[in-house]
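What follows is a short report on a single structure.
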Amino acid sequence: MANAMLLPVLISFLVLPFSAMALTQDFCVADLSCSDTPAGYPCKTGVGAGDFYYHGLAAAGNTSNLIKAAVTPAFVGQFPGVNGLGISAARLDIAVGGVVPMHTHPAASELLFVTEGTILAGFISSSSNTVYTKTLYKGDIMVFPQGLLHYQYNGGSSAAVALVAFSGPNPGLQITDYALFANNLPSAVVEKVTFLDDAQVKKLKSVLGGSG
Amino acid sequence: MANAMLLPVLISFLVLPFSAMALTQDFCVADLSCSDTPAGYPCKTGVGAGDFYYHGLAAAGNTSNLIKAAVTPAFVGQFPGVNGLGISAARLDIAVGGVVPMHTHPAASELLFVTEGTILAGFISSSSNTVYTKTLYKGDIMVFPQGLLHYQYNGGSSAAVALVAFSGPNPGLQITDYALFANNLPSAVVEKVTFLDDAQVKKLKSVLGGSG
Amino acid sequence: MANAMLLPVLISFLVLPFSAMALTQDFCVADLSCSDTPAGYPCKTGVGAGDFYYHGLAAAGNTSNLIKAAVTPAFVGQFPGVNGLGISAARLDIAVGGVVPMHTHPAASELLFVTEGTILAGFISSSSNTVYTKTLYKGDIMVFPQGLLHYQYNGGSSAAVALVAFSGPNPGLQITDYALFANNLPSAVVEKVTFLDDAQVKKLKSVLGGSG
Amino acid sequence: MANAMLLPVLISFLVLPFSAMALTQDFCVADLSCSDTPAGYPCKTGVGAGDFYYHGLAAAGNTSNLIKAAVTPAFVGQFPGVNGLGISAARLDIAVGGVVPMHTHPAASELLFVTEGTILAGFISSSSNTVYTKTLYKGDIMVFPQGLLHYQYNGGSSAAVALVAFSGPNPGLQITDYALFANNLPSAVVEKVTFLDDAQVKKLKSVLGGSG
Amino acid sequence: MANAMLLPVLISFLVLPFSAMALTQDFCVADLSCSDTPAGYPCKTGVGAGDFYYHGLAAAGNTSNLIKAAVTPAFVGQFPGVNGLGISAARLDIAVGGVVPMHTHPAASELLFVTEGTILAGFISSSSNTVYTKTLYKGDIMVFPQGLLHYQYNGGSSAAVALVAFSGPNPGLQITDYALFANNLPSAVVEKVTFLDDAQVKKLKSVLGGSG
Amino acid sequence: MANAMLLPVLISFLVLPFSAMALTQDFCVADLSCSDTPAGYPCKTGVGAGDFYYHGLAAAGNTSNLIKAAVTPAFVGQFPGVNGLGISAARLDIAVGGVVPMHTHPAASELLFVTEGTILAGFISSSSNTVYTKTLYKGDIMVFPQGLLHYQYNGGSSAAVALVAFSGPNPGLQITDYALFANNLPSAVVEKVTFLDDAQVKKLKSVLGGSG
């Protein structure tokens, strides 16, 4: 078969359907300047390789704080390329003694992969309040089902780092303490719906900047 | 642990990730001024508690009509807070002798909860045309699978009221009589595709305001 | 057109495709004796009208306890007819002074409809920890987005009753207090991941039957 | 690069991950001997090319009946290979004067492709009861949104044939007439919920084999 | 029951809820002038019957090229009415000796229905690289699971035509040869990731218009 | 409030609904001894913390082969805890000069996180065959949309390691070379549908163990 003959006809065959299919949706990089929708952001135009790449997890988060931990997200807001793809990521840095406090992700399951150090992690089922807990070393993975309370803390003697992947581009993060104490929900209401003592509620409201 | 020390560092830890996550989608209250999408309306900005609240089902619908019934919807069009949340509601008021005529919801299953009176309800399966029917009293619930023909009527001697929940924010409502007789579908076509007699079709077209 | 002629041919036309379509899935009532799957329970055979009906929400729950509240579920476990239909329900009874403590539903959004009394309800967003709260009277509805912390309490001077609908057949219910204090999660871990004081944790562990 | 060297190492590389991935789910041919689930049938073992092939639409359906039409389904019940794949098919044969009566598919949208003859088709929206109708010739396609009432009839002077594709493996088929008149739903109830006259209901019940 | 009495009251009953429900989403015809979203295009306004109809598959594609085949798509880009409905179509024309080269649809399963001639078709599983192949005659259907490599070619002595339906409105089409050779992916990279010889890669790059 | 009083009543309140809700589905660890379903495996009973943990990615895969690379999966088949959770993982080890050949995942998008070394990665869109390629260093992430051809190779002077997360528990892996050459698809068919030369096809069939 002569290339010279094959060339024009094959191209004409292939070019035609592809121009006709120019609207095919292989991906939908978020246009964050538009309003979100229940299925994610509208797609931006003018996509390049950089849209599918994110450098923001390469550097360690700053753990020079009292909880000695940092969460660095690569959700759709930071990494628009994951829009519509059902996945996102984050980096966890936990110094010795550090902790990622009890929290949930309302909109995704989480898969944690330890890249450095030792992490103690656990989640609590809703059906029976059973605690599922593991000590994780470098290379271990653990999965936390969507919406369930879970936590991680450094269980070793050196800094711990983990990559976290989520089953959605916008998993959300609700830290229980922050939800209870870092806003203007009146102390009396917090106490009523948590059975915590007034002094405890007011102490944590003070610490976390809440009012009421 | 001294509060004075905990305060600034913990806040800085928590505030940083949250400002970075400001685009997290906990909900997506419909901006009804935008075009709908297959997954629902784009999200409005400036959301408040009132967006998640609806008062429109509190008052009884007007049943002073011949069918002695009223359907009051709280779909996404009336209650934008349900956008993207997979749920919506309606109120049914059925006076003595009243009826909600045979209909389907193309886009949701329905769960009916009787709050007052007695309702006779039924649905028809497509696989075998089996009729599933129940007499429902106050506090009873019944579920109607998506897309199947069903009906409700007051089976008692006092007014009946029900709350209806749907498995989607925009369930749709196709009343068979209205679809067949309340538009310009020609009588000859209606007769051809329903086997109804010409006189019957023309009578109901006249009653329901159809033409042709 | 003579009925006598129409009868045999039309039936033969219609019966044939329907026998061929006998496996059509209009619904899938749960066979709770089988293992669950990620999409719900396998379908039971021999379905009747009773499978789509549930009486268990008709009676008030027993609120003669300290929290003066009761939740009566009509999830797939109690009401197998909702399996696969994307909806379920529950009844809330809250006596004067009663409370449904802070909790989440990991697998569904919730729509609350007040049928008696006055309910104060609120939920907390994850993106900014904003509190959305409303006083709800008879006939009012409020929607709580999936996975977010929320609570309800009786805000009036008489018993309150609500019907709650969920956007899934198996919404789950994770009461924060119960998750933190009613199991064997060691107090030291609870304190580490919640910043609660040791005395507070031990007090609530004692109250809620937890150990460790 | 020498083939002799490449052969063993490359195979060992590729064989190892694939044996480890032997459970990968490329498809899930229905095992119709098992109970269905909300997401479809469990997967059969021992799959061959024949499982993805169906011959049953090759022959014309028998239109020697009064409605002069036949529907030949290739749903999951007839063609187990479509299980879990979100698609199925059917063949429509409509003789001159024949009709596929007004019906819905509760669980799928439909795409009709005319392969012979002329078909008049229409569907009715639920929002405004608008009729959308078209005369379709060979090669034309029309789409009918999920759950909406629609019909097809032969609008020409020769036999019409169409291939119909559905957006799900088990679309269901609810023929309005059959649902109303071909079962034991009492005539009084049918009349109450459809506003049809008693004589009309009883006539069609008689024709379609209904009782009550 | 007197028609004269029924007319005004019934209409008022029915008109009221329907005006209130004017936002019900029976369908969502694509507004291709808007940005796409992960769930499809925003809905256009001013919909008519023509939006649900497409004539573009009626004419044979031009197979007067070397591969003697043509694919004519009716995806959302050509047929906006399928937006959000989970289905689309295409027409295959394959002259004697023609071939639709090895390809995948990243976003849909495919159902092929032969309307003329003989087509040899096959797909390859990922779990075990098993080839599933069939010779298809007029009226036969075959299903190709989402994302798997497959091909079709004319296996007979006359032109072949097929209607192809997809389980999504925007299935995509990735022809392996075109992906490997018809762009600027450097030959050295192609060779590295495919094990093809340099001469082979450069020959096909030349034929298909690739560079590098 | 006296603990002694609070204890029995609160427990009785909380224990009762939870025993009633014992079927709540927080997770669904795969019972691999059962048949798969389109939504995943049936749930096993007797779940423990070990079911949500996987150690198999901790050790480097063996790259002592010609392609100098290894893929170690943690899909549902290896890590049953991810069943139904929409996520899974794998580990990539690529020695200097190693390559993960051109491939697709039919059932998931992929997110790659480099933990050691330098990886050159790229994917090809279907709409325009555009190549999106990036050089990734330690800590960089890249996302590959579902179903699109992509590849990775070591672009540095030391071993490269990456963690890969997928947007589904069973993503599949179709290596183009293996699909084309490592089975019994006849060479003549391969050549017809790929335009590869006979010698090239036979050479790779020989290398990869294919026949025909």
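The first chain written gets the first letter, and so on, giving A, B, C, D, E and F; residue counts start at 1 in each chain.
Throughout what follows, contacts are C-beta pairs under 8 Å (C-beta built on N, C-alpha and C of every residue); 3 or more make two chains touch, one makes a residue touch a chain.
Composition by chain, UniProt nomenclature: A, B, C, D, E, F = Germin-like protein.
On a predicted model such as this, the values are computed, not experimentally measured, just so you know.
Engineer: Identify the chains in contact with chain C as well as chain F, in label order.
Structural biologist: The common neighbours are A, D.
Engineer: Are the two sides of the chain C and chain D contact the same residues or different ones, given that same means over half of the numbers occur on both copies?
Structural biologist: On the two sides of the chain D and chain C interface, the residue numbers are mostly different, under half being shared.
Engineer: What's the farthest chain from chain C if centres are computed as the mean of the Cα atoms?
Structural biologist: The most distant chain relative to chain C turns out to be E.
Engineer: Would you say B-C or A-B is joined by more C-beta pairs in contact?
Structural biologist: Higher contact count goes to B-C.
Engineer: Distance from the CA centroid of chain B to that of chain D, rounded to the nearest Å?
Structural biologist: Each chain reduced to its C-alpha mean, chain B and chain D end up 27 Å apart.
Engineer: For chain A versus chain F, what separation do you get between their C-alpha means, in angstrom?
Structural biologist: 19
Engineer: Round to the nearest whole Å and give the separation of the Cα centres of chain A and chain E.
Structural biologist: Averaging C-alpha atoms per chain gives centres 34 Å apart.
Engineer: Could you list which residues of chain E touch at least two other chains?
Structural biologist: 6, 10, 18, 21-26, 34, 37-39, 106-107, 122, 126-127, 129, 133, 145-146, 148, 172-173, 178, 182, 195, 203, 207
Engineer: Which of the chains are touching one another, listed as pairs?
Structural biologist: In this structure, the chains touch in these pairs: A-B, A-C, A-E, A-F, B-C, B-D, B-E, C-D, C-F, D-E, D-F, E-F.
Engineer: For chain E, which residues count as touching chain D in their complex?
Structural biologist: Interface residues on chain E, with respect to chain D: 6, 10, 18, 21-27, 48-50, 52-55, 57-59, 74, 79, 81-82, 85-89, 91, 108-111, 113, 115, 122-123, 125-129, 132-134, 136-146, 148, 163, 165-168, 195.
Engineer: Using the touch rule from the top, collect the residues of chain D that touch chain B in their complex.
Structural biologist: Residues of chain D touching chain B: 99-102, 104-107, 120, 122, 124, 126-127, 129-131, 133, 145-149, 151, 153, 172-174, 176-180, 182-185, 189, 192-197, 200, 203-204, 207.
Engineer: Quick one: which bits of chain C touch chain D in the complex? Just the residue numbers, please.
Structural biologist: 3, 5-7, 9-14, 16-18, 20-26, 28, 31, 34, 37-45, 83-84
Engineer: Tell me, which parts of chain D touch chain C in their complex?
Structural biologist: 32, 34-39, 65-67, 69-73, 75-78, 106-107, 170-173, 175, 178, 182, 203, 206-209
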